[in-house]
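What follows is a group of structures, each given as structure tokens.
Below are two complexes that have chain A in common, paired first with chain B and then with chain C.
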Partner chain A sequence: MTRFLVRRIAVSAPLLVMVSFLTFVLVSLTPGDAAYTVLGAGATSEQLAQLRDQMGLDRPLLSQYTTWLGHALSGDFGASLISGQPVGHAIGQQLASTLSLVLLSVLVSTFFGVMIGAWSAARGGRLARLVDSLSFAALAVPGFLLGLLLILVFVLAVPVLPASGYVPLLESPSGWLRSLVLPVAALSFGGIGIIAKQSRAAMEDVLGSEFVVVLRANGFRRGSIIYRHGLKAAAVRIQSVVGVMFVGLLSGSVLIESIFALPGLGSLAVQASAQGDLPLILGVTVVFTLLVVAANLILDNLFLLVNPKVVHR
Partner chain B sequence: MKVMAEPARKAPVATAERAAVRKPRVWRRWALLAVALGWLALVLTATFAAPLIAPFGPNEQDAAALLQGPSAEHLLGTDNLGRDLLSRLLLGGRVTMTGVLLATTVAVVLGSLIGVTAGYLSGLVDSLLAAVADILMSIPVVVILVSIAAVTSRNVTVLMLTVGVLGSAGVFRVFRAATLELRQELFVTAARASGLSGFGILRRHILPRLGALVFIQAAVIASLALVTQVGLGFLNIDVAPPAPSWGNMVATASQTIYASVWPLVAPGLAIALTVLAFSLVGDIAQRTRTGHARQVGLGKVRRRASAPEPAKTDDGSRVLVLDGVSVSVPTADGGAVTLIDDVSIDVRPGEIVGLVGESGAGKSVTARTVLGVAAGDARVSGSIRYRGVELLGADERALAKVRGGEIAFVGQDPMVSLSPTIRVGAQLAEAVRTHRGVGRKRAAEIALDLLAQVRIPDPAAVAARYPHEISGGMAQRVVIALALAGEPSVIIADEPTTALDVSVQMQILDLLRSLREERSLAMVFVTHDWGVVADLCDRAVVMYAGQVVETAPVADLFRGSRHPYSAALREADPHLQQPGTRLRTIAGQVPAPGSWPTGCRFAGRCRHAADVCAAAPITLTAHEPGREVRCVRADEIGPGSD
Partner chain C sequence: MRLPSKIGIAAAACVMSVAGTAACGSSGTSPSSSAKDVLTIALGTPPVSLDPSRGGNGPTAMYQAPAYQSLLHLEGDGGTESPSLAESFKWVDARNTELQVVLRPGLKFSDGTALDAAAVKASTAHFATNGSAFAYVGQRVASVDTPDARTVVFKLKEPDPTFPNQLAETSGLGMIINPKAIADKANLGTSTAGAGPYALSTEQTVVGTTYTYLPNPHYYDKSAVKYQKIVIKVIADPNTALAALQSGQVQVAYATPAGFAQAKAAGLNTAAFPGATNGLFFQDHGKLVPALGDIDVRRAINYAIDRKSAAEAVTLGTGKPTVQLPVAGSLGHDPALEDVYPHDLAKAKELMAKAGYADGFTLPTLVPAFVPTSSNLAQTLADQLAKIGITLKLESVTTIGAYAAAQGTAKFGATVFAVGFPLGVPSAASVLFGPTAQGNPRREEFPTVMPAIKAASALSGDAAATAWQRINKTIVDEALEAPIMTEVYGYFFSKDVQGVDESIAVNPVYMAPTP
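Right, the complex of A and B next:
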């Protein structure tokens, strides 16, 4: 198990370096560099040159990157070009909202997806096919369209939920939940579709296997066969999709935050992108990648607990 | 990524079943495909011809018509600036669909080429490329696109190129796996052995078989690219306003959603329908390629017709009775294939009945049907009674009491018979709790006791292990312990020693024999091994092509078989062969279910066959007390020579 974790981290490190380096290179290609962004169109060329020298912008790219990486490793992502606020601080302020949205969506998608998939695999027949079609449609409809639809229904037609804004958990747990119901629903819909499809396929195989015949023939309870023995045996196949779904949900959260006006990392990225605030973009991208790495590590451990029969590739 | 060493082997029943469960309503699938392709063709034509057919310019404003619904002048209405929505939808679709085509082409070309290369070369190159694909798949696409948008000031071409490159990782995986699989197939090995060059093999044997995958993956990527593209539009980072795209039309509409919903409808529907059409095309193509089996679910046994009133009465002399049991499974064309036909078997208390025959005779189906665990969509008729109580047509709840508690089951391959992710002791304890209603602690004690009863030397150590951590012989003892957990009076054993080493077979047979003596258990013992029949069974039921052909006490049967098939099967017993002579076999094969002749089903392979054999169905007739034979010429031929 330790070896497995070491391996996972060995794969994650290049991921982080690659993503941050690529973003860094991209950023350096921008017409009009950071000094220009800070000083604006009215700056003289002496002012620009001075600031470039100060910011190290005239050094070779690789050297700039290693400097940035060195600082980043010690937790210093630089300062926003626009507000001068430390990037780490700006991200910290917005992290809670994004984490709440994404983590709740992961839980909701996984729980409902697995339940629907397992149920439909065990039940079979016409109703199960209907569920299949529904989860297929769920996969096809973009989350932000669904979000707008939800706003139409639950904010405009039957005003029961807030359309926008985020209430911190510590301020008001019930307000927190209310502010997240619609965003989480919009984001989870596609996730449920993905998980349901995969769970259904995995459970179909498991329920068709010989051990299920033996357990049934020896009187094990149906519920136990499906939800204890069956799901545990199917868990590894479902897990690999949860990881992929998490990446998709992070992407989707950017759009969902925009619709529901949630002050999250996605909004921060979009805003930074519009303003050309490059250190901030870089910081947000790295944090997103870190979230993916962390999620995969957690998932691996979780499922190692559930399923002992894991063969490492 | 991990893979679980999940058992690939399945029950014999499953194979027969699989061939028969393709869905018949294929035309519905094609109709759906036609509709989806039609919609895509319409969208592509209309958007690319947009400059010709759009009634207005994209930014022409009609100040007199702000946020209007459909009218004769503006077929889809207008937006908040009075711009014609139909024109914007058509012209905006050009941006969107061009982006989708670009991303799809890049992803499919890049992914398939590199995927085939990696899969074909394998080794280090493959591992490296696979690692790169893993990394690409871990990147949250939209976040990267947002930073690229900042850098390229909304260059939609660069954005969609990036989508294509990131999307190629998924395509890569599919093509790599498919190539690996093809590479390992026999004909490729043969082609290599015959000296065809590497490129020749790729071109002649591998590439032609990947064509369908290109189509499927293109559809899958197109739907993902479309969702991403309109997402970018919604964030207003695809094209600079006021130029339209489907995504920024949704964004504009969402700002005025409180005033009018109408501007949202057209782009929303266009997006949803087009994504759905792409996904449908991919899904249907995928299903057509792999062939999707009908989903039958778990545990529903339907009764075809009510059984005729049993002529025999159930007294205490028989614990289990199968009376005229037939099993069929539905076929693709809406018909049904019979797997076993009018099978009747009696089991007396404490008796071991051997069910003998070649593969495909229907032994396993018979055994599994008793407990209602044959194929999920099997139709069963006749009567199966346990101590006079009808089991056929009983609901799952009633059956659950009989299963394990009265009649238990031991399967063919112990390595796949136990729940792979639960410790041995916990599985046993669950069985004990289910049947005996004791508490957790007591159940764990009983579980250890059961392990001791099946002669496992260190019960506590074995109980703490997972099934894949114990040997085959040990696992079969655990399965037997599991079967004993409910204190049954009958055990159905489906070739319980076939998958084991010879020395372990003997131990398991000894165990079963002594358990029978200790507990006066009755058993139905499925086997093709005459040695086992002679060793263990009191009575033998010989099956052929879904029918019982002979029933006799084992001693009588070994003195002389009355059915030519039993005789031939006995002669083919490897234990009886003389060293230095040819192994005796029965020429020909058991006819498959669905191709059984009207008359005697063995006639085609029988050396005694005559015209009378093929004329009409042969009935099972009593010859001497306790002996029934299904052969019209049994008396003429006389007892088989032994």
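Right, the complex of A and C next:
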């Protein structure tokens, strides 16, 4: 187990370097750097050269990257080229809202997805087909559209929830929850569809297997067979979907954050990209990569807990 | 299996909340804050920087305004300035080259340091040299004299009747920055160091998302501080911003063309001012696209455009068709010019044939996809100009940086853009025709208007008004550009707040709770 962890972390390190380098190169190749953003149209080449010199953008690409990497390894992600704010601080300010949004959405989509999927697998027939159709519908409705509809209903028609903003958990737990209900609902909707469909398929396979027949023959209660033994056996398949879904929700959060004006990493990434703010983009990319690596690591370990037969190589 | 996951969730929640409280503080939605104490404003984009020299003008100046009071203030429709940090101001000479500003007595920055003439001089130097889009305004100043601690004399390189306006909210030049903060530039982009009624609270601010301002204890007029807190929230989606306004989460929100009908139906107040002039701006007059060097071709383009239907389509009826650059009422505007280019396809085709372009030509055109009205207008124009054989080869860019870079390549014959000319023809002259103007990437010389612009800049009063009108007539007659519509710029606001429509330079400092 420890060896597995060490190996996974060792593999993640080159991944981080690769992702950050690719981001660096791609952003550098995009027309219109931070100097253009600050100076705007009509900047003379002398003004541009002077500002690029100030920002360090006139140095060779590789040297810029290695300097950044050197500092990043010691925990210094530099400062935003535009506002001068330290990147670490900017990310620290906005991480909480993104984590709240994505983790709650994972929990909500997993819980409802599994419940609906298991229930329809156990019932079969029309209900199963209905779940299938609804899953497709959930996948087809874009989160942002749903977000706008939710605002229309729960902010304007029946004003019970706030339209925008984020309240930190420690400041007001109820405010935190209220500020996240609509964004989480909009982000989880598609996820519930995916998980429900996968859960139904996994459960159908499990419920048709020999050990379930044996359990039935031995007089186990139906509920116990489905929700205790069946779900446990189907869990590995469902978990692997949750891992993929986490990554999807992370990218989906970008639009949802913008619609509900949540101060998150997604909006930070969009803003930094629009302004060609290289250090900020790199910082956000590294954090996103770390989150994906961490999520996969946690899920892989959950596999072990759920089914010790899974062997990590 | 259960125990570890519970610990995991608890740990994750802890990380979240610690980061959350350290950062955000109140986001203006806490139930204890009433509309009388806290003013919450929704804007669509965050500022590039809080440093007035890099902050930009227009709506994003709202981020600096609470903390950086400017030397002068724009009155009403923007035509006149009144003293603000200044006690008085006047032109020393008759040629608009020497402006004397006397500061109020006892002015202090938010850290208690005195704001004197030397501070104004240092701030002006920073503005001119800090490398920003508006640096050219500061670079017009040849020197700043400080005969005594409260008197400042700006000596300009060339006559500039618009200079007092630049010291008001039009550019950030009049927003005086604490010399201590200029010396240590590191925090200028994310904090404030001005002498306004408020100062940014960095603890309660999340850069890019929520900006919180608290009263400045050293401000000279306590009665002018109307709120215990001003919060500006960035709400990128206009529907969300309007919903936040309707539900009472914010009191003021930026307007979009599509929002006007909904805002009125919801019983909200609206403040609307003539905004940017949206149109087809020629980036070249004959060197890159030879056809554009022919006055008949440029006139043909102006005749071929159906401005009324373009304005209807792009701004849903809120914009006004126009053939001239300055907005109605501003310096040099002439209502009589509106009849010069009626929509007349036959006439346009005739002019094209006369110029030898009966078969049309291709016009490479730069389109800012990040300005929705311009990007829509470009599509409409492509259809309209195709009718006289002109093919607009549209190239869209998605960020202001990419736009500036593309413009710098001088590969485009034209661009569709919405440009504000707050001071009428003098603004248009400095933005479009000057040798270093933003809208003149090929550094063209414009011999038919530039000498007249220089002469008019040294005039004042009625003589100036007549001269600028004459220049405007030349620009329209020679079809140097193809302006299409004046957009509306404005805000929606609730009944809890007043003063939003006090001036075209919408400034949170002038907003107050409705009694």
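Methods note: the second predicted complex is superposed on the first by the 271 of 313 C-alpha atoms of A that agree within 3 Å, B and C clash if a C-alpha of one lies under 4 Å from a C-alpha of the other, contacts with A are read in each partner's own complex, and residues count from 1 in each chain.
The definition used in the following text is that a contact is a pair of C-beta atoms (placed from the backbone, for glycine too) under 8 Å apart; a residue touches a chain by one contact, two chains touch by 3 or more.
Being a predicted model, the structure only gives us computed values, none of them experimental.
Shared-chain residue A:Ile151: touches chain B and chain C both. Of the two partner chains, chain C is the only one touched by A:Leu99; chain B is not. Looking at the shared chain after the overlay, A:Ala274 reaches both chain B and chain C. In the superposition on chain A, A:Ser258 makes contact with both chain B and chain C. Contacts of A:Phe111 after superposition: neither chain B nor chain C is touched. Legend: residue contacts after superposition of the two complexes on their common chain; A:Ile82 is shown touching chain C, with no touch to chain B.
In the superposed pair of complexes, A:Ile298 makes contact with chain C only, with no contact to chain B.
Touch criterion met: A:Gly40 reaches chain C, while chain B stays clear of it.
Annotation for chain A, partner touching more residues between chain B and chain C: B. In the superposed model, A:Asn218 makes contact with chain B only, not with chain C. For the contact definition in use here, the residues of chain A common to its chain B contact set and its chain C contact set are 30-31, 148, 151-152, 156, 258-259, 273-274, 276, 306. The part of chain A that touches chain C in the complex is made up of residues 30-45, 47-48, 50-51, 54, 80, 82-85, 90, 92-97, 99-100, 103, 148, 151-152, 155-156, 159, 162-172, 175-176, 179, 258-261, 263, 267-268, 271, 273-276, 298, 302, 305-306.
Interface of chain B with chain A (complex): residues 1-7, 9-11, 14, 131, 134-135, 137-144, 146-151, 153, 223, 227, 230-231, 234-235, 237, 250, 254, 257-258, 261, 264, 268, 271-272, 275-276, 279, 283, 295-300, 368, 371, 373, 376, 396, 400-405, 408-413, 416-422, 430-431, 434-435, 466, 468, 479, 482-483, 485-486, 492. Against chain B, the residues of chain A that register as touching in their complex are 11, 14-15, 18-19, 22-23, 26-27, 29-31, 120-125, 128-129, 136-137, 139-142, 144-145, 148-149, 151-152, 156, 204-222, 224-226, 228-229, 232-233, 235-237, 240, 244, 247, 250-252, 254-255, 258-259, 266, 269-270, 272-274, 276, 278, 281-282, 284-285, 288-289, 292-293, 296, 306-313.
Considering their complex, residues 1, 4-5, 8, 12-13, 15-31, 42, 46, 48-50, 54, 131-133, 135-136, 185-190, 206-210, 233-237, 239-241, 243-244, 246-247, 249, 370, 397-408, 436-441 of chain C touch chain A.
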